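In what comes next, chain A is part of two complexes: it sits with chain B in the first one and with chain C in the second one.
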Partner chain A sequence: MRRSAGVLGAAILATLVLTAAFAGQLAPYHPLAQDLAHALEPPSNTHWLGTDEFGRDILSRIIAGTRIELLIGVGTVAMALVAGVAVGLYTGYYGGVVGEGLMRLMDILLAFPYLLLALMVIAILGPGLLRAMAAVSILTIPQFARLVQGLALTLRERQYVEASRAAGASGSYIVRRHLLVNMWGPIIVQATLNVGASIIAAAGLGFLGLGAQPPTPEWGAMLSTGRDYMLTSSWVATFPGLAILVTVIGFNLFGDGLRAAIGG
Partner chain B sequence: MRNGWVRRGVFGALAAALVATLGPWMPGSGAAPALAASRGASETVRIAIATDPTGLDPESVLQNEAGFVMSTIYDGLTKYRPGTTTVEPGLATSWAISQSGRRYVFTLRRGVTFQDGTPFDAKAVTAWLDRILNPRDPHYVGNQQGINDFNHFTFGDVGSYKALAPDKVAITLKKPNAEFLADLAMAWSGVTSPTAVDRYGYGLMTHPVGTGPFAFVRWARGQYIELRANPDYWGGAPRVGEIIFQEIPEASVRLLSLEQGKVQILGDVPPQDVARLRHMASVRVLTQPGLAVDGISLPVQTPPFNDVRVRRALNYAVDKRVLAKDLFFGLAKPMNSPDSTDEWSYVAQTSYTYDLATAKALLREAGYPNGFAATLYTYTNPRGYNPAGGAKVAEAIQGDLARVGVRLTIRQMDFAAFLSTVRKASFSGMASSGWSGDNGDPDDFMQPLYGCTAFDTGNSSHYCNKQVDAWFAEGLRTTSEAARKKIYAQVEARIWRDAPWIYLVYATQVRAESADVHGYLLNPTEMFFDMQRVSISSH
Partner chain C sequence: MGRFLLRRALLAVPILWGAATLAFLGLHIVPGGIAQAILGQHASAAAIAQIRHQLGLDQPLYVQYARFLMSAATGHYGISFRTHDSVATDIGQALPYTIQLSCAALLLALVLGIPSGAVAAAREGSLVDTALSSGVLVGVSMPVFWTGLLLIIAGAAKLGWFPISGALTPGVIVPHVTGMPVVDAALAGDPAALGDAVVHLALPAIALSLYPLAFIAQMTRAALVEALGEDYVRTARAKGLSARVTVLHHGLRAALIPVVAVVGLQLGGLLSGAILTETVFAIPGIGWLTVNAILFRDYPVVEGVVVVTVALFVLVNLLADVTYAVVDPRVRY
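Here is the complex of A and B:
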């Protein structure tokens, strides 16, 4: 059951990656091409998912948006992963006053409601896609830091680590050769699961107008503008919403499957 | 290793989809309808508004929604005849203007009391003026922090004022001001009760007391404002017992509330929903040309916009007709003068008709054959003069200008942040710009947008032409309408040629009411609600 769900997740992800890779070839129209004379047309043979308020083809925008969403998801998690793993390894292996201070900072980040913190970051940096990614990324750091710290605390008590230390290995050698190599499994599982959450978070910021700026075909922003036409042209909001839903479910199913397979 | 955030991720996605699908069917804020229902619906008119007013002290706020509410609570010395901007007697029954055009003697209406029982007389008028004009007055409005007001515009020319008799007040201006009487009728010129001012001080913002047809009862911030009929109103008792201004931020929820009879009047209607409303038997859609313009201001002192050929090129590059038809759903007309078609001073100019060849030729001539890059600042919400919303129009303009090589980056902000960005002398970007006329006078319609002293109000293009400014001054000094017409004709032709804006559209004012509402009239100044004659037929 879990396995087949994981396979389904993998299939969704493969589709997304292929769509992003060949977005230019797949999209029937240019995602930014306006045609006001054909604004808000319902799904038809010419526009499979209809057109938005500027007469842009919604299918083409969703396809072009795949790239942006994947970039957001993978980019924010990659940034958070690098910082989070560094913090986690330091605090887990070395500890000390600095480590203690870093972990309290992580606790503070975790304690804040994510949207509030994201709004604070954006209030300082200003709106924009990269800044929204930075905001989401900062919020994701503690997830990795906590995970890696826990793993490092366990691993450093293992006999082979103690043996290595007794043999005169340096701290950085042990961290690289004994700790890090043995935690990649759980880290990757965590990362996969976080990609979905990051996409949702960035879409939320886009929905509030604080993420991607127009005319970028970011799904959250598309959902937000589509809301204005909900009563008369529901397709404008529905399809970007479904795209977000399917993508996030895909990442989560894949992450769960991965965890089952390699034992997170 | 369960992860709450990830779980929430899945539910977040589901919730996002649910909101998108079900949002419009969720009920609005609930407190007020229940409260009103217990008193009988035939007695109450509920008006849906999109935003909470910023305050209810007429001389300390400048926001349309605040105007909606205040126009039912307060009267000015003059008044607009319902549905027009024609000035007629208000709290003053008549006035005499000296030969010089500077001294006004107002005869006050007798037997009027404020809603708190304070008599309205010359003493109340001078106390009201003290509060606006005298920095030594303990309640001087100018000493408040962070308020937005229109007092300089309205009262900036007042030199002195004096009570001559219990029912006579003289106001002397430093120089003649042709729109002074119209200014006194604005939503921002309501006469406040001196007793309430003594009692609440700056707290008048949330405890408004005037002489108007409705008296303030309570304000549940972010939910509703309740007003009770003033049976002693000098213009006759109102025909409904109560008004509730109910705040409903979601446009679709407002619309469904009208459809379900939870509210009777919609304070504003997004253009995309008009077609649906027109098909509903129990609803009337009210439209009026309105005193409203919408455009994009161009920073005329910054290259490449300091070249008039560039500014004209951008005007030719935007298809205003399609914009009006498709983005505003036909509820707008392309601009063909900086003045409103509804003003007596309006003169049609030669349109910048959509013409890509001319636009490209002008850009080539100016030295930009391949266009250029620029930033356009805009706001996210709809406005009275731009019901489609700033960002939507900006995006359409971005698409149009790309065709002549002008690459726009859009910076969208919430309205407050937007205003504080563009209303600065240092601002040098393109900006969504617009104006709703306050008093039906051409000076109010153009000077705040194109006057040299208006960089911190509506003139975000920083257009400053000494000749135009001299005409503005002359227009205010001149009292004969025929002579003023000639002056403003010159102003309009000049500003139009100089093209400090990409002139877009005159937006139609749209509101909606349920069929059982009677006597409700739109006013060309969109910040007005004339509620005194409104009634509701019983079922």
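Here is the complex of A and C:
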């Protein structure tokens, strides 16, 4: 059951990746091309998902947005993963005062409701897509740090690690060759599940007007403008949200399937 | 129990101090400085110097930090640049709306989530169970701001059953007691105002409840499936108790323990979701206050909101931990 759901997730993700790769060829119109004479038109044969307030084709904007969303999701998680794994490995294997301090910093970051932390980072850096990505990335770091620290604490007590240490292996060798290689499974599962959450968080910032700025076809920002027209032209807000939903479901199913396959 | 409580409460102090310090340091490393951020790129040096003096930013950092900690501890966060009111007043007015919304959403999530999880577990593998799993997947994957918009389109625009935004219809006035319209209207014994407050709360609460509802249903299902496989449940069944009694009295009682823990974890998500939900429904709560403060570069409000919200969050987590310890006597940290 979970595996077949995982396959469905993989199929959704493959479709998204292909859409992002061939966005230019697939989109019937240019995502930024305005056509004020046909503004706020409902879905039709010429514009399958309708047009927005500037007459831009919503389907083309969603297709172009796929690239941005995947970049946001994978980019933020990759940044958080690198930082979180480094912190987790250090605190889990070496510990000490620095390790203790780092973990307390992670505790403090976890004490913030996640969106508030992102908003604080935006208050410092200012609004924008890259800054929103940095904000979402920072609030994801503690999750990786906690996971990796836990794994490192368990793995470092294993006999093969002790044997390696007794044979004179250096700390960095043990971390690279014994710890890291044995924890990729859970890390990748966590990362996959986090991509969906990161996309929702970044879209939330875009929706608040603090992430991607117009006319970027980011789905959260598209929803934000759609809100102004939802009573008369509901399709402007409906379809970008649906795109977010399908994407996040794809990552969640895939992550869950991956966890079942790895046995985590 | 007393010692456990004291220990947990003391552990919260360094977290709070750390969060406050992080907020202070963060907002003081704003590129170009706070004064520049407020006045914009083209502000004159004299204007910047004046505002720096006005805000005490020309003092050494440690003096500013000491002053910030003092004000954070006493609840005096200065004056809002935007409303010219005291930040504490602004937060005091906004917070009840957020608390009301979060509590309503959590209540909905519990009332609907636990029974649906229980039904799915009792009929493991059935169509109901599969439907619940799919519902859970959609529930945790739906962005709350989109759910809110869909509810407005369906419930307010198409059906006309609910108001589009706000917490009360303009003109409806309830005496201020708690600041929460539903509670205040109930206290005043005004059924018309109470009805108005409830219909205003309905859509935002449903939107915000979806994620915790899905999570609680999933958790209840998992915990109950496990509990129903235990020996004591088999014994209960073997001695001829009905399926209903077995599930409710024997299974669910044990299964609710992990659910309590999950509820605690959901509270942070609720606060985050409330920020977005308030923006969708134009509810003047903490989220609305924060977003406006950031857009207007109203730093005293941002600082105040961060300190108050983190304090609230830590307190609520503490309560969740204590509840967990009360419900499950095995838990002693």
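What we mean here is this: the second predicted complex is superposed on the first by the 264 of 264 C-alpha atoms of A that agree within 3 Å, B and C clash if a C-alpha of one lies under 4 Å from a C-alpha of the other, contacts with A are read in each partner's own complex, and residues count from 1 in each chain.
Following the convention adopted for this analysis, a residue touches a chain if its C-beta (ideal position, glycine included) is under 8 Å from a C-beta of that chain, and two chains touch if they have at least 3 such contacts.
Only a predicted model underlies this, so the values are computations on that prediction, with no experimental measurement involved.
Once the two complexes are overlaid on the shared chain, A:Ala163 sits clear of chain B and of chain C alike. By the touch criterion defined above, A:Asn194 reaches chain B but does not reach chain C. Applying the stated contact rule after C-alpha superposition, one finds that A:Ala203 touches each of chain B and chain C. Contact with both chain B and chain C is seen for A:Asn252 once the two complexes are overlaid on the shared chain. In the superposed model, A:Arg104 makes contact with chain C only, not with chain B. Contact with chain B, but none with chain C, is seen for A:Gln34 once the two complexes are overlaid on the shared chain. Of the two partner chains placed by the overlay, neither chain B nor chain C lies in contact with A:Ala21. Of the two partner chains, neither chain B nor chain C is touched by A:Ala261. Shared-chain residue A:Phe112: touches chain C; no touch with chain B.
Judged by the document's definition of touching, chain A residues 114, 127, 196, 200, 203-204, 207, 209, 223, 226-227, 230-231, 234, 237-238, 241, 244-245, 248-249, 252 lie at the interface with chain B and also at the interface with chain C. Chain A contributes residues 104-105, 107-109, 111-116, 119-127, 196, 200, 203-204, 207-210, 220, 223, 226-227, 230-231, 234, 237-238, 241, 244-245, 248-249, 252-253 to its touches with chain C in the complex. Interface of chain A with chain B (complex): residues 32-34, 36-37, 39-40, 53-55, 114, 127, 143, 147, 186, 189-190, 193-194, 196-197, 200, 203-204, 207, 209, 213-215, 223, 225-234, 237-238, 241-242, 244-245, 248-249, 252, 255, 259, 264.
Interface of chain C with chain A (complex): residues 14-16, 18-19, 22-23, 26-27, 29-31, 37, 137-138, 140-146, 149-150, 152-153, 157, 164, 268-269, 271-273, 275-276, 279-280, 290-291, 293-295, 297, 299, 302, 305-306, 309-310, 313-314. Touching chain A in their complex are the following residues of chain B: 1, 3, 5-6, 8-10, 12-14, 16-17, 20-21, 23-24, 251-252, 255-256, 270, 272-273, 275-276, 319, 322-323, 325-327, 380, 389, 391-392, 394-396, 398-400, 402, 409-414.
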